[in-house]
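Chain IDs A, B and C follow the sequence of writing; residue 1 opens each chain.
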């Protein structure tokens, strides 16, 4: 077994142990961190590995969140089918947005994805009869279970988050070292060259964005399921910026950067909550400092300086 | 005479009214090493860009193996067996030398053995694990050529491959090119010693049009070619 | 009220929106035109302009006109200086890389917005207009006695709103003269053409960039000072102007100044008209999708020329 896979399995094992060691408050935090790390891992596949700087991933997060919660709330769909609906919603939305937005590059791509996400957020507000707009709605507690496991308990929630996190991490870890993922990295490094090696760059970018969007949708659905709430603010602009922040901080194009970035930022937000309600101020400061002084993030810098094998 | 691997008819490119290539009719027989020369701004890079699909033609036809490929996107033309190296060094700077070659080989169905073979052929085996961006300029150019070889192309288009190479590296390049079998080569080149020693046939472009074609000896003796070079190159 | 008078009122209100929008979007456009970067924090400079206007007006506490004039001078200067400082400190440091600039200005957006929330607070605060007369608007009809004017009930606009339209037009003309007739404007346009060449000719490009970034933000601040007697100052008020400025600049063709003015008129007027007849949310959905589609299918803008 190679070092990268060993590292991933060790992290998963450590997270499983952490539930029994950490005080309840931190275990609860960690469950949330793992769900948001899934989101950031999805984002990282597009941004970190393929070089697609999207400012609209909240659209996919929101598609997953509403795909699950609306079908559970209004159609009474059980958890697993609702999860499937959520993934399908996110994949379709990512597929359509990708087909359009990938006709552009760079700054235009950033603005187009931002605009699509903004339109999605406004659509959630427009149909507030069902979505209850910004205020949102609470999922019925009795419905939040998978195969008899109650997801409203601390333990059920933690291990559901861990299982989905682990699956995502292993899938991403596999993708980025398989030929497909290496080609995505090649596209990020030099798109023109990849085309002239005969790769259908447009199609590969589209596939990467659809996978990325679907994983982000999984995170959105999981968030609604585990924390029992869905609201339009999860589809708003700040929720597109947060995964960018987590990934930039942890290290774009590293498999564990999203987890580290999410953990770091969420604890930073948590600490700042004692001082101020304006937690996005911290996000702003960290974003500016990162772009200025640590563009490769924590793991990216470590990989460049010391551990070249880091996945 | 061998069958034509590549042919263009009336190939034309205009940029906002300025003509870069005007009705170029060009024919390249299979297996030939052809040099494409001409003064700066003669439209050489635009011409080969239109061959491999990097630059959309304003009008005209490109035939590869007798089939019209004018409407195929670049990656599909490459898949037919064309390789192209860029005028400005263009490698995957953040990836290792081996991965650069592997990315090229994989698309053409090559395995790890093929990657090792190409690495050995361009003498980069001992640098295989280095990051491509850390290589010297000369080695990066050689890596580019290696990537082209790894694609196992039937037609290999090289845009000024020896630019900026040291004497010894140029000599190695000449040996590499003349040693290729079953590959047709189209070479844009400014270094006349490379052209005269490697090319079997030469096409001269000037002001976007074909000025002359012939063997190296014909071209050397052609007064139009001399005039074109003396008229613009020194200006 | 009938359709006709309604439409006229909507168009007048639209002209006010268009006037403010033209100023704000022009700021974004000048920055993009010269520096080739997109400033996502632009809406926050607008918001700062409004908040500073409120602060100046309440601090002075004399006649509203005095506070207003003072704000019209102070707010753009302060905001412009802040923006220039941000340019020197942050954007210069990242070498104006287009993508990193967007990420950094997103950070700046949250710093300014949340910083204002912490100091200014979450409430909206009004600023009194310097003058505010209600002007009834006439309408006409073909009655039994032929053509006749009358004043429909509720059909009116204020003198201040008319002033906003005139003031914005004057400032835009002044900007045009500045860019085309003065040495500073010439230097900016030379830098826009080719920054390396400008550098070679001894133009201090980094100073020009800081000035342009400051000028862009100051234009947004002027727009905000003009708007704040109509619409209260609030820490989240920068969001819509940013979106609308994007729309204007993108539809007008990135960096094209005449295109920006025409697009601002188009969008401002239609925004006023549309929001009278449609739900504002639906109007915004259509507007955002329209921007996305323009960028996807006509990246040079609706009014811009095709590059090749």
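Operating definition for what follows: a contact is a pair of C-beta atoms (placed from the backbone, for glycine too) under 8 Å apart; a residue touches a chain by one contact, two chains touch by 3 or more.
Keep in mind the model is a prediction, meaning the values are calculated, not measured.
Taking the mean of each chain's C-alpha atoms as its centre, the chain lying closest to the overall protein C-alpha centroid is A.
The greatest number of inter-chain C-beta pairs in contact is found between A-C.
Between subunit A and subunit B, the centres computed from C-alpha atoms are 43 Å apart.
The centroid of the Cα atoms in subunit B and the matching centroid in subunit C are 51 Å apart. Averaging Cα coordinates per chain places subunit A and subunit C 34 Å apart.
Residue positions of subunit A with contacts to 2 or more other chains are absent.
Considering their complex, residues 38, 90, 93-94, 98-100, 102-104, 106-115, 117-118, 243, 246, 250, 279, 281-282, 284-285, 288-289, 291-293, 295-297, 299 of subunit C touch subunit A. Considering their complex, residues 52, 54, 73-76, 78-79, 83-84, 86, 90-95, 99, 102-104, 106-108, 147, 151 of subunit B touch subunit A.
Residues 53, 55, 100-101, 103-104, 106-108, 110-112, 115-116, 118-119, 122-123, 125-126, 241, 244, 248, 276-281, 283-289, 291-292, 295 of subunit A touch subunit C in their complex. Against subunit B, the residues of subunit A that register as touching in their complex are 179, 182-183, 185-186, 189-190, 192-201.
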